[in-house]
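Several structures are given next for inspection.
Note that chain A is present in both complexes that follow, paired respectively with chain B and with chain C.
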Partner chain A sequence: MDMGLLGQFIVNGMMLGMMYALVAVGFTLFFGVLDVIKFSHGDVLMVGTFAGFSTYLGLGAIGIDNAFVQLIGVLVVAIGSMAILGAIIARYLVLPLKSAPPLNTLLVTLMLGTVLREAIRLFYPDGSNPKRFPSLLPTDSWTIGSFNLRADSVILLVGGLLVIVGVHVLINRTRLGMAIRAVAQDEETAKCMGINFKMIVLLTFGLGSAVAAFAGVMNGLYYNEINFGMGLLLGVIGFSAAIIGGLGNIYGAILGGFIFAALQTLGAVALPFASAYKDVFAFAVVIALIAWRPTGLIAEKTSERV
Partner chain B sequence: MATASALELKNIYAAYDSADVLEDVSLSVPAGKITCLLGSNGAGKSTIIRSILGLTPPRSGDILVDGESLIGLPTHKVISAGIACIPEGRKVFPKMTVVENLRLGAFQESSESVIRDRIDQVFEIFPRLKERKGQLAGTMSGGEQAMVSIGRGLMAAPKVLLIDEPSLGLSPLFVKENFNIIRRINEQGITVFLVEQNVHQTLAIAHYGYVLSQGHVVAQGTAKELSENAEVHEAYFG
Partner chain C sequence: MTQSLKDKLIILLLAALGAAFLVTFIAIEEQAEIFALLVFAGVLIIASAKLGLTDKISQSLSRNERLLNLSVIAAMLVVIFWFHEDHFPLLMIATVLLYVVACCGLNMQFGYTGVVNFAGAAFFGVGCYTAAVLGGTGTPLLLVIALGGVMAAIIGSILIIPVLRTRGHYAAVVTIAFGLLFRTFLEVNDTLGGPQGLPVSGMNLFGWDFNSNIQITENIEFSFYMNYVILALIMVILTFILMRRIERSWIGLNFDAVRLDETAAACYGINIKRWKILSFTLGNFLAGTAGALFAMMLGFIAPSNFAFSDSLILVSIVLLGGMGSIWGTILAAGLVVLLPEKLQVIQEYRFLLYAVVMILILLFRPQGVLPRNLRSYIPGWRG
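Moving on to the complex of A and B:
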């Protein structure tokens, strides 16, 4: 195969993997602290992207046309508003159902996802049609042989990597992260250590939703197009990635995200028929993976001993 | 009683798991002493601990720490009031290191130097934990986990330390060592409320005790009085 084309596939696969990993981290965080599946996660990502897009339009309307300022504005509003929305969903929808069967939470958040999706479709100006998301990143590119590496792709990949590293540091090196892990491992004992359980749940849902909003903006900047349904497939893929990696394990979720993207890319490149089948291929392999390793690829490291 | 109560339960009615029910339980834990609560399985011992911690709020009655009521407080506020707990079955955080477990014990303490001092104090009591400070608690033996759990309880520097069945599932040698450590903790000025089934060893270190049966306090007195009480003897000492 042509080296340039191969390079393109690799960059594209890494970009997708990064986005899927960011979405999967949310699923795995929520499951960690509360043992619930929040199915509205993909649609929260979509709402965040639209919030960012509206910020871009708003900044343009008041005459701010510096791309860097616009980018910062888009990111701050998308991430900030989804952190708040995530915490609100946790407070008013997920926590009240804590003693109910987990299926109820899954169903309620599934319905919330539909509400969010339809709300954007119906109430956002011309919401049923795709929107052109602006290119706010430098458009320089470097040509290496037949391979054309774009600066915006590099910036997006580095940005995604920084977010993942940031989440890792937050979870493993901070007091908040220690509390999140404690709640995930043993809720009652965590409470007995003096941890404010409800606050940790709200912060965790805020964190996961903020990371999803970042992934949404990343998606918009990469494809230059957003629509009200964009969260649906991203949500399902992120969820699958979290499951493949072992739900509750952050590194598993990241690994799962990149595995899924690798499968899609492989499906697009290697399959003899059209790349339209890449999702069919990827999901079929996911089904096989789950059948092979029902509890995820990364096994629990510790066993409890008496 | 001559000394003031650090912890007091007044006319507590509570239910947990429907079988473990408390009816009109009143007891007082004097400051600076070891007070024990004896009783067989299902007598309501865990419900008392859960009520104090706010995990199973009582239906009626009052729980006071230094005269302040804990009723209606979420668990983390109960901890702020000066309660710490060494839970039944140790309950270490299995996927965290020894040091992380200890740090969680002092979660509400914001001063890093105070936390470090307390970790050093715990390492002095349990030199073995210092050797294994980076090990994941879930990979340790039961006896070592008990050390982590006790150390974690001490990290909060509580007014009142609740200890729930420390001998459960441990070898007799460890049980003996644990009871010695509980006595040492108390000698450092920490009020201890010890819940146990192991009557002889408990009464050997406790100052005062209560006997719980089917949700009622059926006997109370100094450790000496309890061990001489014929009725208690027959029912619980075998």
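Moving on to the complex of A and C:
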């Protein structure tokens, strides 16, 4: 195969993997602190992207056309508003159902995802059509042989990496992270140690949703197109990735994200059938992986208490 | 007047009231009138609940189940024959009935055994595509309906291993991934019509063409949808009997044990895998049969009918009616299918509204509209 094409596939796969990993990290965080699946995660991502897009339009309308300022504005608004939205969802939908069967939480967040998706489709101006997301990053590119490396891809990959490292440091090196880990390990004991359980849950949901918003903006910048349905697929893929890796484990989530991206890329490039089957292939492999390792590649270290 | 006579009168009155309501609801077109009727029904239900009438009525109902079932069927027949020459109302009724069958399948999975399945629309779709593919081959079409169910069960069996080995969230992702996989597969597969879909030949029973109107006499002509409505009603009745029989047998008891506590059930020697496989397969079979007839009735199917949101609607029906409650499923299917058709204002917003209603239900009445009662071994016995 042509080296340039191969390089393109690798960069593309890395980009996808980074996005999936960012979404999966959110799922893992939520599952860690509260043992719940927040299925509206993908749609929160989508809403975040639309919030960022609206910011871009707003900044353009008041005459700010410096790409860098616009980018900062888009990121700040998307991440900030989704952090708040995430905390609100946790406060009013997830925490009240804490003692209900897990299926109810799953359903309530699935339905919330539908509400968000439909709300954007129906109430955002011309929301049912795809929107053109602006390219706010430098458009330079370097040519190595037949391979064309775009600067924006590099910036996005580095940015994604920084966010993942940031989350990692936050969880493992700060007091807040310690509190999150304590709550994840044992809610009751954490409460006894004076940790404000509710606050930690809200902060975790805010953090996860903020990371998702970043992934959404990243998606918009990379593909230059956003639509109301983008969250569903990203959410399901992120969830699958988190599960492949093993829920509750951040490294597992990152691993799962990259595995899924690799599968999709492999499905598009290396397999004998048409590349249109790449999602079919990726989901089939996910189902097979779950059948093989039901609690993920890096398994949960728990046994059931009766 | 004796108690039992009173019970019977109440049931007959209720059935008549229900039939009258349904006929009026389907017949009127004016949006304001529909809205007024709904408000009236709502007020009536709330008032009777406040007056403690619903408790009494439900006791009467549980004492006379056979009469209740028969009078509901009779009421249904009245409604169907009322609209005997109108295509659209009959199409709506048939759709409701087929949704009831599919949702009973899901109910067996969610409500009885606690196996999650978020790919209901996919299994429904397997039935549809089976009907589309086999429709032209000369296979007897009644057999095609059964084969639609069998195909759904077979394709579902691919998922059995992952579904058995996982639980809760993990099982949910297996079925969601399958639902997405199924739709993507249909969209890119050219032999199955791709995104454009496939035409389906109509039902034909022993030379009796279902797609032509029925001429009774010079003046009386039945819409051809009548055939499908009657067949769908028969399917609903069979499904209802099956569900009730299972619920009341030791199979249902095992299902309940598996749902309520897997570990405890296993400790008492209940084979969890066997019951999960049985309920998952039977549930998919029901969804597949409903899909096959649905495809024949519509005459055309496309992958966009089997999206993830359609699976969610099926789950919403089960949840709205109350997990494991068959009457609840019937009521909820009626509401979910008929309301958006009749209230054109909400047609565009229906997914949004379903989702909001579901969230409210989960927060404030997680047991559903008509929750399933505890097992009672003696009818009418209150302990």
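Here is the rule we use: the second predicted complex is superposed on the first by the 298 of 306 C-alpha atoms of A that agree within 3 Å, B and C clash if a C-alpha of one lies under 4 Å from a C-alpha of the other, contacts with A are read in each partner's own complex, and residues count from 1 in each chain.
By our rule, contacts are C-beta pairs under 8 Å (C-beta built on N, C-alpha and C of every residue); 3 or more make two chains touch, one makes a residue touch a chain.
Just so we're clear, the structure is a prediction, and the values are computed from it rather than from any experiment.
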Partner chain(s) touched by A:100 [first = chain B, second = chain C, both, neither]: second
Touching partner for A:195 - first (chain B), second (chain C), both, neither: first
Partner contacting more residues of chain A (chain B vs chain C): C
First (chain B), second (chain C), both or neither touched by A:277: second
A:186 touches, of chain B and chain C: first, second, both or neither? first
Which superposed partner A:294 touches (first chain B, second chain C, both, neither): second
Contacts of A:169 with chain B and chain C, given as first, second, both or neither: neither
First, second, both or neither for A:108, with chain B first and chain C second: second
Which superposed partner A:64 touches (first chain B, second chain C, both, neither): neither
Chain A positions touched by chain B in one structure and by chain C in the second: 304, 306
Touch list for chain A against partner chain B, complex: 175, 178-179, 181-182, 185-186, 188-198, 301-306
Chain A-touching residues of chain B, taken from the complex the two chains share: 53, 55, 74-76, 79-80, 84-85, 87, 91, 93-96, 100, 103-105, 107-108, 136, 138-142, 152, 156, 169
Residues of chain C that touch chain A when the two form their complex: 110, 114, 116, 118, 159, 161-162, 165-166, 168-170, 172-174, 176-178, 180-181, 184-185, 188, 263-264, 308-309, 312, 315-316, 319, 348-349, 351-352, 354-356, 358-359, 362-363, 366
Residues on chain A engaged by chain C in the complex (per definition of touch): 31, 37, 93, 96-97, 100, 102-104, 106-108, 110-112, 114-115, 118-119, 122, 232-233, 236, 239-240, 243, 247, 274, 276-277, 279-280, 283-284, 286-288, 290-291, 294-295, 304, 306
